[in-house]
Each structure stands twice: as structure tokens, then as C-alpha cells.
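The first chain written gets the first letter, and so on, giving A, B and C; residue counts start at 1 in each chain.
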Amino acid sequence: MKSSLKTPLYKLADLISGLDVTLQGDPNCLIGGVSPIQQSQPGHITFLTNSLYRKYLATTQASAVILTEDDAASCTVNAVISHNPYFTYAKIAAFFAEQAEMTVGIHPTAVIGIHCQIDASAVVGANCVIGNNVKLGAHVVIGHGSVIGDGVEIGEATQLDARTTIYHKVKIGQRSRIASGAVVGSDGFGFANQKGVWHKVPQLGSVEIGDDVDIGANTTIDRGAVENTIIGNGVKLDNLIQVGHNVCIGENTIIAGGVAIAGSVVIGKNCMIGGTSSFAGHITISDHVMITGMTAVTKSIREPGVYSSGIVGAVTNKEFRKNNARFHRLENLIQRVKTAELALKELTERNKS
Amino acid sequence: MKSSLKTPLYKLADLISGLDVTLQGDPNCLIGGVSPIQQSQPGHITFLTNSLYRKYLATTQASAVILTEDDAASCTVNAVISHNPYFTYAKIAAFFAEQAEMTVGIHPTAVIGIHCQIDASAVVGANCVIGNNVKLGAHVVIGHGSVIGDGVEIGEATQLDARTTIYHKVKIGQRSRIASGAVVGSDGFGFANQKGVWHKVPQLGSVEIGDDVDIGANTTIDRGAVENTIIGNGVKLDNLIQVGHNVCIGENTIIAGGVAIAGSVVIGKNCMIGGTSSFAGHITISDHVMITGMTAVTKSIREPGVYSSGIVGAVTNKEFRKNNARFHRLENLIQRVKTAELALKELTERNKS
Amino acid sequence: MKSSLKTPLYKLADLISGLDVTLQGDPNCLIGGVSPIQQSQPGHITFLTNSLYRKYLATTQASAVILTEDDAASCTVNAVISHNPYFTYAKIAAFFAEQAEMTVGIHPTAVIGIHCQIDASAVVGANCVIGNNVKLGAHVVIGHGSVIGDGVEIGEATQLDARTTIYHKVKIGQRSRIASGAVVGSDGFGFANQKGVWHKVPQLGSVEIGDDVDIGANTTIDRGAVENTIIGNGVKLDNLIQVGHNVCIGENTIIAGGVAIAGSVVIGKNCMIGGTSSFAGHITISDHVMITGMTAVTKSIREPGVYSSGIVGAVTNKEFRKNNARFHRLENLIQRVKTAELALKELTERNKS
């Protein structure tokens, strides 16, 4: 974010209006952008949420810093004191986010089906294809080149970026956001084997997506086999995530990039799932579970807590080869210990006698 | 699937017509939908394929249940007795699958190249772009917003969902289905290093996809470097799978979501590959191999069987940290066992003397 | 590549013109295509870069072989002698790569914003949507169905395949190539938790992509949170890769398919990253690091070298289950060794006395 003639300037007092913060400094200070604390510049606001960056506070060039009360004393510029500086930053940064200007209404190149109910305040981008019986609420945005199937319903203020696909009958709540390339409602992966040949099992369910859900770029969410796949309110999904059929993800759970969730998995509320973790099918994860990145989850988890799997952490390839060899010789080691134990027992008894 | 005025009703006798099943009950019973056995409702048919759900059989509200002969005696409603209830379910459920209504012919917004042979019964959706010299067989469906390259040939009754990309010269058989966002025929990942800089190696091959193949959402299949990448008849690929250049996948092999297959891998027929498994390049997997999910396959597998790798299964992060520490101290443990063995030997000899 | 009437024939002398090679044989030999050495045919040129294939050299049907000086003596046909046969092959194969014929200029179905600067030699495909203030350099190609956001700048001779998305303000250098389905500049995954609810953190940065970069099919690159995500010159990214916000990838680094890179990771120059490896956030990888496939990188790597992690290599599921059991009983083994050591010590002392 470079400052430029076009960037508006905001009074600090206006940026924090309505937020649960205390200002230490000049409410009339003009702010034109944000920058990271280690590279901040005059006229910008920055934030301190990570103790590793505390060393930059004393010399920051920023005009204001969002921080906790503990750090406020060390702040020589305007301080916005918050119990949750990152949340406060999120609210203030929104002033500097550029909104793509999309013209309200249906672009003349869009193809619209019959019996649709499209709110007059909605945006349907260029080259979109909207099926029959589609309902788009107020202020919905359908990005350019998106394809929306028959009977889809999208709630107020939900925004789809360019080139998304929403299959037939999927329902999406309010204020949700779907990034480019995401596919929602493709058929679940169900095949019945008969004499060595796989036969498609029709996927009769759909997908229900709640309010305030975020779905990342090129993420895929399959429709249910019989019942629906369900993504709860406030769920946040990163890019390139696979959500199998009949998965249920509880409210306010957040899942990082590259995670794969097999069919019929139930994940609770307020979970945090690290990147590239995998879930085997038909398992249940309770509320408030944190799974660290790269974890292979193969069984249900019944208790809140932090869980991980496997051997992680890169070592030199030489060490790795040795580790693998040692690992695959574990049985040999166990046998040697057994042999030693027996020999010891014998010796000990002989010594006793 | 809610019952509604629009849902057609079928006589049980009609639903099972032509299937290798025995009916125990009323052939005139009317069925209007399917539901899972634990939540079944009157007027619906359900199925019992998993012994975990047997407990629901006695109290099911369904009007009919598909099950094996062993379970038929416990069934108090109409019973469709099958050697393979899941396959029977797949056939019956097809009656209740909604077909998207796409108008036969080429949508006026589609852009069509020269010298194409598009069967009169084919569907080309809105905003598609079809290259030159493309052949589309009878009843082919090209979903909205798809892009089909020059010289592509697609066999009878194959269906591409919305927003797929088929690069030039790719050939696809009959009755195959490709989900939204899939990309078939992008360049393989080939670069030659000259003095630290990577130079593109032209990818001169193509992709051949057989009959009855399923390809999931956002899956990518690269074209071959010199010869073709080949996907055999009856292969089923889930979402977000990467298939590298010159891979060959044998007939009726099924691969779950998130699997990555490096270049020149050969996978046999009738294999089952679990989700998020990875294959190193240039290896060969024989027929009838099952790879469990999350497996790292680094060498060829010559014998049928079930294979797995690594340490899977999430444990508490505390336990995980201890496991990792123990693992990385294995060498130390081995040395300690060696030392103990030597001491034992010495003691034993001394005791003998 | 079948020979056909349409395939042009080239004199060997013309194919090697300008390359740092020596010809052993007939410069007027006509070449009409390439084939792999084990299946080569008359009229084709092939190459020998892998010692596993040396056995085919004596009997090759090819009209010419690209190889090193060491292999030239064994070559009975025309030999193109090179220090780097694979690089030489890449250059020669380019003669036989088919170019998709795209008509220069803006397709009438494309939708173009205001204030764009589109070079007269550029190609904008059918059904593309180009935002406002977009700059496209000479010979740029925008594939059919692509969506380019406001303020995007794309340098000379860069080519985007069909159905790519470039979000607003992204900058792409010269001679880069982006495959179908790739998404560049979607919002980074940033959310601040306030009382259990996740609030979006605006992503104010963008993405800068250098010259000669390749980006694979359905790969996703997020825009930065405050500053930009940066992909250096000459970087090669395969398919289905996730690049988080604020990642920096150094020049000439090559990354295979399915890799996931969490936010704020810095990867050095000239690195090679194997497929499906994962990088935890906020770590730094130095120049000239090779990471083997399927590696979980959780800490910074400061020294050049080859690195790996975990237990790889598929074994039978039975062996795998035993390995997992042994692994999870390591603590037990350690305790047994401890006990044996104590008993030994006691015995030894008793024997001394």
C-alpha cells in the first residue's frame, strides 16, 4: 500500500470510532494507510501483536500503533490501546481496503434462467450463467464468469468472486464469501463395486453453507449422498481444501490450506485445523479441538485439546535415511532388548544362587 | 431429499425391474424417495450395507429396505434382498436423481471454431469456447463456461460439468464425466536446468481418457512429455487430484481426493488408492493394490496387497512431541542397547569362568 | 506424436543451429518428430539422459540421438553431442511443439473495462473479462474465459491459458506462463478471533510475479496482508500448489505439484522442492536447498543441502500396523533399556566386589 493522491486520509478518532479501545495521543492525527511495524512510515498506522516485533516499537516511523496496555508505555507515537490489537487492526484496516467497483444489476452478457428472484441491489457479473429458479438476496455479488445451478439460493450480502461454480440446489447464507475457482456442490465420490466395475451412486443431497462463511480459492465441497453436506455459520476455509460428501463442519471452525476431509466426517465448533492435515472418513471431532498442521487424523477425537501425528520436521537427507533405517529395524532392536533381558535375568538368578 | 408434489412415485416392482434381487413384500408399494436408515421415513426406500447400522433395522420407518439375505429375516417392512445391496441401492437411487435440464444444441453465447463435428444431440452450454476441429459425439454435454481446445474428441454420452478446461488434442471416451474446475491436458512439468536457469521442455504428448471415467472437481491431469498420459476405462478420480505427465492408470482403478501422482508413474488395474496419498515419479504399481490413505509411495509395488506408510493417527500434541523426541533419539537408544549387550557378554563370560 | 503429412521436416543442421553441440553424422538428415529412445522410429530424433535407457542406444530406430560425449562412441546413428542433452532436447523439441492459433486482437465476446492499455499485438480470448486500468504488453495472450481484475499489469509475451483468474492490482512480468484454473491474488487467509468469532483481516497487499515464471493448473497464490506476495524471476510452480500470503519465493526455485506453503514463508533462490511437501508459516529456507517430496518443513533451514522428514516408503499394511504399534511403544522400550542398564550396573558392581 503506497500512499498516493487517491488514498483518503482519516482522522485517528474516526478510525477507532465505535471500537473498544483507548487512544493515547492525538485524535486528529491523519492516517493514510497501514504498514508492518518493521517497515512503517509516517502517516500510517501499524500494530504490535507478536512479541518478536516489540523491538521495532521504539523506533517506529508510524504515526500510530495499535497495541495492548502493556506495550503502551513504550510507545512514543500515538497509541491505540486494545485488549485484542489484531482484531482492532482488522477493523481499522477495513478503511483502507479497496472495493472492486462492480455495477449494480445484471451485466448484459450474463445468461439468466427462468423464474429467478434476483434482488435489484445484487450484482451479476459479465459472462455469468445463472440457472432457473435461482434466488439472490440484496447486495449479493456474483463474480464474472461464475456458473450458478438451478434452484440455488444465496443470502443477503454474500459475495462470490470470479469464476466460481455453485451446483444446483446449494443454499448459501448471508455475508459469506467464496473465492475464485471454488466449486460447491459437485457430486460426492460414491461408487458401488459390482464384479470389479465401479458404478456411480447418485448423490441426492446438496450443500448448505451458513452465514459469514469464507471459502478459499479452488476449494471443493461435494454435495451429500442422501442428506446434505453442511458448513456451519462463521466457518473459514482456506484454499485448495477438499470437503467430502456429508461432512458437517461446526460453527466458527477455521481450516487452513490443503486440508482434505473424507466423507461423513463431523468436525465440531470452534476447532482450528492446521494446513495439509487429512481426515479419514466417518470420524467425529469434538468442539474446541486444535489439529496442528500436516496431521493424519484416522480416529475420532472426543476431548478438546491439541492433537498431532507422525514425525515432522525436516532433517538432512542423510539423517533422514538413517532414521528410516532405524525405524524399520525397530523390531530387531526390540528383539535384542528381549534377549538382553533374558540373559540378565539368568545372570541375576545365577548370581543370587 | 424432501418429498414434494413434484417428486414422482414409483412402484417397488418398477424400481427393481431388471435387477438381480428378490422382493419380500408388496410389489405395488409406492416409493417417493430415499433416506438413510437411521432417519428413514414412510414412502422412502433405504439400505443396510454397514453392520453398524443394523440396530436401526427393527424400527425403521422406511417403506422398504435393500439388504442381504442374512438381514431379511429381521426386516419388518418390504425387503429388497440383494447379494450387493449398495450396488442395488445405486441403481434404485438413480430414479430419484434430478437431471439438470440442459437444452439440446449449441447455446447462442457459445463460441465455436471451424471444422467442428458436433452431434445434433449434443449440448454446448452458455459461454463455452470450442476450438477448431473438435468432435463431440451423440448426447455429449459441455457444461457452461467450459473451454475445449483444438482437435479435442469427446465420445458419446460423456458429460462435462460447468467450467472445465480440455486442452488441445485430448481424447475422451464414452459415458465419462468430468466435474467443474477440472483441467485436462495442461503442460506437464518438464524443465531442463542450464547454468542454474530452468528451460521449458515442450510437452508434445496429449491425454487419452477412456470410457466410463469419472474425474472430480478441480482435479488436474497433465499432458505427456513425448507420449500420452493415459487414464484407463472405468477409472474413478475424486477431487483435487494431481496426475503428472506420462502417468498411466489402469482400468477400474479408483483414487480418492487429494492424491498426487508424479510423472511417469504406472498404476495397475483395479487398484484402490486412499486419499492424500503421494506417488514418487517413475514407479510402477501392480494390479489389485490397495494403498491406504495418507501413504507416501516411493518405490514400485510388484505384488497385490494392502500397503501403507509412516506413522498415522493423531495423538495429543504433548505425546506427539515426546514421540518425536524419542524417534530422533533412536540412535542413542541403539547405542545404549549395544553397550548393554557388550557388558552382558563380558559378565556372562566372567560368570562362566 | 505421429508423423503426418502436416508435420514439417527439419534438417538436423537447422535443428542444432546456435546450440553448443557437436554433430557426429549427416547434417542434411531430415527430422520430422521426437520419440522416446525405447520406442523411437526412423525420421525422429531422440535423447539419452538417463543411464537406465543406455541399453536401447545400440538398437534405436531413431535417425538421431542427443547424448553426451561418453555415449557418442556407442551411437550408430547421427549423434548430437552435448554437455547437457536434456537442455539440448528442450531446445530441439520446441520445433515440434504445436502452437495454438489464437487470433491477434480482442475477441468480440470479451468484455473490456475502461482506461486499459492493451498492446495491438496482444490476444484477448473469447469470453474474457478484463477490468479497468489493465495494461497488457506486446504479444501477451489471455486465454479464453479468463478474468483479469482492475489495475492488473502483464508484461510482454506472457501467456495465460484458458480460465485463469488474476485479481486486481497483481503485476506479472515478461515471458511468464500461467496454466488453466490458476488463481492469483485471492485474499490471504487472515482472521482475527474476537470472543470465539473470526473476523476478516483485510488483505491490502497484492502479488508480484517476475519474468519467466511458470504457474501450474489450479495453483493458488494469495495476495499479501499488508505487503505483497512475491514470486521471483524464473520460478517454476507445478499444479495444485498453495502459496499463502506474504510468501517470497526466490529466483529459479522450482516446486513440484501439491506443495503447500503457509503464510510469510521465505524460500531462497535455486531451491528444488519435491511434490506434496508442506511448509509451516513464518519460516525461512536458504538458497540452494533441496527438499525431497512429501517433507513436512516446520523450521527454518539455514544451510544449503538436501532435507527430508518423516517415515516414507509404503510397506504392507500388516508391517505398517506393527511399525505403528512399535513406535507408540517406544517409551516402553526406553524404560526396559533403562531397567536393563540398572540391573547390569548392579550385577557388574556385585561381580567386581
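Definition applied: contacts are C-beta pairs under 8 Å (C-beta built on N, C-alpha and C of every residue); 3 or more make two chains touch, one makes a residue touch a chain.
Small disclaimer: the values here were computed from a predicted structure and weren't measured.
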Equivalent interface positions on subunit B and subunit C, same or different at half: different
Equivalent-chain rotation between subunit B and subunit A, CA atoms, steps of 5 degrees: 120
Averaged-CA centre spacing for the pair subunit C and subunit B, given as whole angstrom: 25
Junction residues of subunit C - those touching two or more other chains: 109, 127, 145, 163, 181, 218, 240, 258, 310-313, 315, 323, 327, 330, 333, 337, 340, 344, 347, 351
Subunit A contact footprint on subunit C (complex, rising order): 109, 111, 127, 129, 131-132, 145, 147, 149-150, 163, 165, 167-169, 181, 183, 186-187, 189-194, 196-205, 218, 220, 222, 226-227, 240, 242, 244, 258, 260, 262, 278, 280, 290-292, 295-299, 301, 305-313, 315, 322-323, 326-327, 330, 333, 336-337, 340, 343-344, 347, 350-351
Complex interface listing, subunit B residues touching subunit A: 1, 34-36, 39, 84, 86-87, 89-91, 93-94, 96-98, 100-101, 107, 109, 125-127, 143-145, 161-163, 177, 179-181, 212, 214, 216-218, 234, 236, 238-240, 252, 254, 256-258, 270, 275-276, 293-294, 310-318, 320-321, 323-324, 327-328, 330-331, 333-334, 337, 340-341, 344, 347-348, 351
